[in-house]
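Here the chain labels run A, B, C, D, E, F, G, H, I, J, K and L in written order, and each chain numbers its own residues starting at 1.
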Amino acid sequence: MARDVWVLHGPNLGILGRREPRLYGKVSLASIDRVIVELGQELGLNVATFQTNHEGALVDRLTVAMDEVDGCLLNPAALSHGSLALADTLRSMTIPVVEVHLTNLYARERDRQISLTGGAVAGVIMGFGPASYELGLHALAAMIAPAKARRKRT
Amino acid sequence: MARDVWVLHGPNLGILGRREPRLYGKVSLASIDRVIVELGQELGLNVATFQTNHEGALVDRLTVAMDEVDGCLLNPAALSHGSLALADTLRSMTIPVVEVHLTNLYARERDRQISLTGGAVAGVIMGFGPASYELGLHALAAMIAPAKARRKRT
Amino acid sequence: MARDVWVLHGPNLGILGRREPRLYGKVSLASIDRVIVELGQELGLNVATFQTNHEGALVDRLTVAMDEVDGCLLNPAALSHGSLALADTLRSMTIPVVEVHLTNLYARERDRQISLTGGAVAGVIMGFGPASYELGLHALAAMIAPAKARRKRT
Amino acid sequence: MARDVWVLHGPNLGILGRREPRLYGKVSLASIDRVIVELGQELGLNVATFQTNHEGALVDRLTVAMDEVDGCLLNPAALSHGSLALADTLRSMTIPVVEVHLTNLYARERDRQISLTGGAVAGVIMGFGPASYELGLHALAAMIAPAKARRKRT
Amino acid sequence: MARDVWVLHGPNLGILGRREPRLYGKVSLASIDRVIVELGQELGLNVATFQTNHEGALVDRLTVAMDEVDGCLLNPAALSHGSLALADTLRSMTIPVVEVHLTNLYARERDRQISLTGGAVAGVIMGFGPASYELGLHALAAMIAPAKARRKRT
Amino acid sequence: MARDVWVLHGPNLGILGRREPRLYGKVSLASIDRVIVELGQELGLNVATFQTNHEGALVDRLTVAMDEVDGCLLNPAALSHGSLALADTLRSMTIPVVEVHLTNLYARERDRQISLTGGAVAGVIMGFGPASYELGLHALAAMIAPAKARRKRT
Amino acid sequence: MARDVWVLHGPNLGILGRREPRLYGKVSLASIDRVIVELGQELGLNVATFQTNHEGALVDRLTVAMDEVDGCLLNPAALSHGSLALADTLRSMTIPVVEVHLTNLYARERDRQISLTGGAVAGVIMGFGPASYELGLHALAAMIAPAKARRKRT
Amino acid sequence: MARDVWVLHGPNLGILGRREPRLYGKVSLASIDRVIVELGQELGLNVATFQTNHEGALVDRLTVAMDEVDGCLLNPAALSHGSLALADTLRSMTIPVVEVHLTNLYARERDRQISLTGGAVAGVIMGFGPASYELGLHALAAMIAPAKARRKRT
Amino acid sequence: MARDVWVLHGPNLGILGRREPRLYGKVSLASIDRVIVELGQELGLNVATFQTNHEGALVDRLTVAMDEVDGCLLNPAALSHGSLALADTLRSMTIPVVEVHLTNLYARERDRQISLTGGAVAGVIMGFGPASYELGLHALAAMIAPAKARRKRT
Amino acid sequence: MARDVWVLHGPNLGILGRREPRLYGKVSLASIDRVIVELGQELGLNVATFQTNHEGALVDRLTVAMDEVDGCLLNPAALSHGSLALADTLRSMTIPVVEVHLTNLYARERDRQISLTGGAVAGVIMGFGPASYELGLHALAAMIAPAKARRKRT
Amino acid sequence: MARDVWVLHGPNLGILGRREPRLYGKVSLASIDRVIVELGQELGLNVATFQTNHEGALVDRLTVAMDEVDGCLLNPAALSHGSLALADTLRSMTIPVVEVHLTNLYARERDRQISLTGGAVAGVIMGFGPASYELGLHALAAMIAPAKARRKRT
Amino acid sequence: MARDVWVLHGPNLGILGRREPRLYGKVSLASIDRVIVELGQELGLNVATFQTNHEGALVDRLTVAMDEVDGCLLNPAALSHGSLALADTLRSMTIPVVEVHLTNLYARERDRQISLTGGAVAGVIMGFGPASYELGLHALAAMIAPAKARRKRT
């Protein structure tokens, strides 16, 4: 039986492909979402995606997620570095959450090197561009249904 | 034709399983190495592993790696946070390197939240325990031979 | 004649009881609201309550409050420590506002010890769990109608 | 042919005139908007104005602006000092943006002296009260249609 | 049967009313003590008060309090911000202690915003002038004999 | 009757056009001065310009300005960030001063983001290249003779 | 008619002459007191001296001083740098206080360069050894009875 | 001929055994004193012990010690981290002083890791619980009468 | 035989009386100079005064002073807090220098509390307004010709 | 039956006696080792000593020590202040380790006052020169075989 | 054909030999200039020297140097650590500049360890006393006419 | 008679020419060594070179150098900024050591601007690429045999 997963994208990810392409690449968010939904099907996961520029909407959505789905993949984008509210929500989650970033935060300017939200989730994958999402979905799948996912990967 | 990969473990990883198990778990390094070598075979990678407690030995080994292998998976452990020498070596690498950590650095004490070496590699995966290595090898495989690795994962 | 008071709850208070119960306890927000409304009746205050995870919605509501009610009881939660926007609104208020916290901020981690919003209100009560709200309503009542409230308490 | 410009006002500017008048003056936002719209007409600019207390709504609006108008005049108010999300949006803008402030940030308390968003726009004008908006519109006009605007000013 | 409570006032509170009245008001300590003793009687508490300018004397008194009374109300005044010794004593207390301040520390200069001692007690009430003591005594009463105190307040 | 205005340029502005042109552009100071003098004539201002690399000479000149002219336009250049002496002079001025910068300080390296002198004048305009001076002269004109200048601009 | 002045010496001044003589010299406190008392007589001041190692005792004594004498000369010694309690007392004084130091604090190690108490008195004289007390008494005399003291000095 | 030694205990050590036993253990101060006095006899030292919660009393006592005894063993407890006055006294001592701590300061929270007083004595022993005092007395004995103490230990 | 002394005034002291009179008072520099010259005559000192807004001119003058006069009284004004060059000159002086300030630096904003130059002279007198200069001349006289100056003062 | 103990000396201790003798004394390491081995015999401990300038070699040796000996005495020298790798090893040790230093770190320059490794061992003894090792061996003996060691000392 | 070089000396170098000789030695500036001029002749360089205590004069001189000479040797002395204006000039230079210091800045107090101006020139030579100038002239010669200078040195 | 000199290269210098050539150039270490050995012959110095990536090996080698050679030229590379152990060794050296860097540390990122090791040697030369070594050898030669080397250079 398939599990449900939400993939949540934070501020400015809606303009991906147009946004500082030297840093974030030219792939659009729609195209990332398509790849992730397909990969979800292979891993036995029903993936739904969601993008918002509102911190509060991410908190709302994660609050609901606890009752609705089996795990979340989250790219908090700029909110990673300062949103204590979002970090608090994540610390309260009763389902696994994996944080992903397109860029490698440790290679960014000082104020972006620490992720407050990253410290409130299971694990973080960053720096692989769109592939960060794919690796993140693999990691999440293993946490939701470890045995089966491991079979898949081998 | 198979590609060659080195998996390099930094200080104190040799005593994994005995070392602060509440943080680092009870799995031994030998057992992680075994899983990684096997996974390498599935991904068409010849994996050789190496552990050292000497910063200089990691620098030496990475220097050689540029001429010997196609990519490296590195867990610099405690050296992540202060070894400018190791970060310099990584910044000079002409082959892809992926950094992995058993624990989620963002959930650790302040002095361990930033990885100097992490800022000198392609990407970082952390917090998934031994699975960090597995995800890292997938990420590395995709960088060495993207097309093929992607087929594998799907 | 009864006075009107709004009790405003900030981010993540909607999941109270489920959220890190070791820190925040097991009482739900609905139950706190019920106690506060009842206490309001005893103190001659019409209490209405409101919870939101959106910083902007708190600013909106406080802006309206100036024209609608006689005072506010506010728990800004995580927004206490970083929301300059909310602090600016509070500094502009023409009615008394009391800030309350379930936990004692001075006993929390360093980044939560200072409340920016707390510096923009009349007074702060923290560390008494749900009773912080009750003490806060007493304090607010005394500011709205000092003489009468004092009689009540004695 | 007239150009289109949006003037965006951030948190707490809706209560201008009532808000800490010693700092921000007694002029209402409506009256500033009226002056700016008129000045726009003289400069050949269709000016539309918008105020919000929500960081996310500013990000949304700027995202749309790239496709809808020729330039923006922005007063991010309290968000200037901490909103990395808004700064990221501004850094992605493909149309000119000018930031204005009623007060002189350099004469304010330490935490308000640096504007993160200010570092992501073309230029900043601050300290002239409502006239900051007028000077900003002149500056913006010159960037959108330099030759014509210059003639205007001389 | 009545419970015993000590109200302890730290340095410079003896000159209350003469001391920077713009900040601390014109009410004398004697008058605050009188109100508190009376309120204690209503709450079934025998209240004794004590003022000292000596950090060591506060430590001495709190040490004795553990064996003599059921709870303490403490205004450590300037010692709040730097006395590790006093904070250590408070952390060792086996009876409840509530800290109160006449002024709102979050609205004071930076060095006074954090209370070391505040982090070692149950809760903190600040900013309400002499009413801080009254609210504090209510809070303390509820901790010493919760059921009865609650009845009192309703 | 025309008013008198001094435009004062600080250190290194004499080599404008030759100095780090990627940052400061290729326009010479002479050419900026010419434009400003002409604009002054349109605005009814007698503009005289002055450049010096000596902090003391700027202090001397501003001291004299109080008795000689009706307002100053000042670009303190590198002195903005560290000259307490110059800031002290500006704080003593009895005529309006507007500070301008060719570059946007908020987009510069950290040590140049705060302007000490900027905190001692009426307002600051920065980031518009030579146009910063033009906008600054408009702002100054409005302060010296508000009504007339406003008519001019509309 | 003679005025009354107290000269208060803080911690470790009792062992003057034996205490780090390279820094503080070889003159004993008794000998300083003798010179000060004599100088007081010439200036028409009844000088009484007092030494204590207890912060609380200095606070007590200053509290009494307000009702008993016309001014104080204070050397808070090590308490200068950290005693907020003493600084609070000084800020409440209704009679003039002059702070003196044997050594020049600006020439000492970093932690001793700022005097919290110094910021709460009229003026500070430091670095002249025992002569700091003599200059301080002159300064105090001028504040208590300006006209007469000035005659003396001229 | 026996030498005289004072063992001085600082704030909160009087409630040892009742104070945060997880940190400081369950042994009472009386029992530590008993062991130390006995050990003193074996080492040819007349040991007298003293406990106070007053910084000033420790300074007083150390001042007297210089004339009365041959060495001191000191546990300044919380005063270690902030008492410049006590550090000044220690720096003036003409007899050897050894500082001891029950807990290992380097394993405590950041604000307790540095001992100001520790930098003003001969040596520091910390982390061995009550045995820190015993080791400290051995160290002190060796400093007072090196040859004999060494014979004792071998 | 009379000694020679230079009194050197730093930046912005030339506009004393007009400069932020709330802080610096309404007395002009000329009037201070007159008082100082007269006082010098009483003390047997030929006093010459000098004011400059140029750091380099102060360094030049002090360099010459070593060969020309017997001591200097210096008010470095804003240069106190940042001029390493001036501090270096002072540290090289072979004649005594006394630093004076009209205001009490410890009561000023944080950046003005430390005087770099103050750490390079014999002693500092601050906070007494124009009387700081008078006290400073007494202090200097005592250093140049101690015996005689002392007689004068008594 | 005798217990086994390793005494490990870190970087630059091999040149003891020649190295900054004002700080570290003129005793050679060989001579310290000789005293320690002898003292070990008296305490029933087989002591072996080891010196290295390589951080990695200390980590290697400690890793082996867990299986080979009953306790370690460690002087990490310069590595104390920055080696997270060594601190990690120490935190993993299953046998007691005591850290010793020849000098008193609290009396050294700021960067040497905190010992990272010191926070990962049982206790620290510092400042007694070569006697630090002797006291450390006593402390270690007591931890390995408490009852017996105590008899010895008494 | 000989090249022209200016050697510029900053503040306080004019009193070299008399200035803190323990740090800066006893050689006069005239004697250094003589050696440098002679060495220049050997290297085919016409060397002119210049000393000033005025930051602005150094900026003036360097500005002219660009049009007059082929390279500069600069000792900015105390201006190295804080003069952004001078660093800006150096960053604009179109001829090579070498910075020299008599003392080794890394061995000086913290505030002198970083040279702002040093970061704006080609290279820095420090710590060799007057020989720093000689080495610097060699370095400069190699940059102006590499081939010839190299022949000289070999 | 020729003197012996060791030239020691730290971490990552072995891959010079391949390592971030934009920063460090394209010249290999072998080629630098060849030039230095030849220059040594001209200066009467037997030069031997050594490269290692191990901090401990540099410490070992410098320890030996004291007994074997007359001086050292050292490029500690990344170890400059953090190796207290290496700095300690250098501070113990009884022969002259000169530190060189290919790049100008003052023009690098903040963490590389200070050299701990640089503060423990005679002097530092940086920013001249391979020529830094040549200048360094000249400087060292002058220290080993000043008179002769000076003749050489002229």
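Convention: a contact is a pair of C-beta atoms (placed from the backbone, for glycine too) under 8 Å apart; a residue touches a chain by one contact, two chains touch by 3 or more.
All figures in this text were calculated on a predicted structure; none of them were measured in a lab.
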Shared chain contacts [chain B and chain D, defined touch]: A
J-L or C-E - the one linked by more C-beta pairs in contact: C-E
Option in F-K, H-J or C-E whose residue-number contact pairs overlap A-D by over half: F-K
Inter-chain centre distance, chain E versus chain G - centres from mean C-alpha coordinates, in Å: 33
Geometric centre distance via CA averages, chain I-chain G, whole Å: 22
Centre-of-Cα separation between chain G and chain B, whole angstrom: 65
Chain I: positions in contact with at least two other chains: 54-57, 82
All pairs of touching chains, each written as two labels joined by a dash: A-B, A-C, A-D, B-J, B-L, C-D, C-E, D-F, E-G, E-H, F-I, F-K, G-H, G-I, H-J, I-K, J-L, K-L
Chain B to chain A touching residues, read off their complex: 38-39, 42, 104, 106-107, 113-116, 118-128, 131-132, 134-135, 138-139, 142, 153-154
Residues of chain F touching chain K in the complex: 10-12, 14-15, 18-20, 52-57, 77-79, 81-82, 111-112
Chain I-facing residues of chain F, complex: 54-57, 59-60, 63, 66, 82-85, 87-89, 91-92, 94
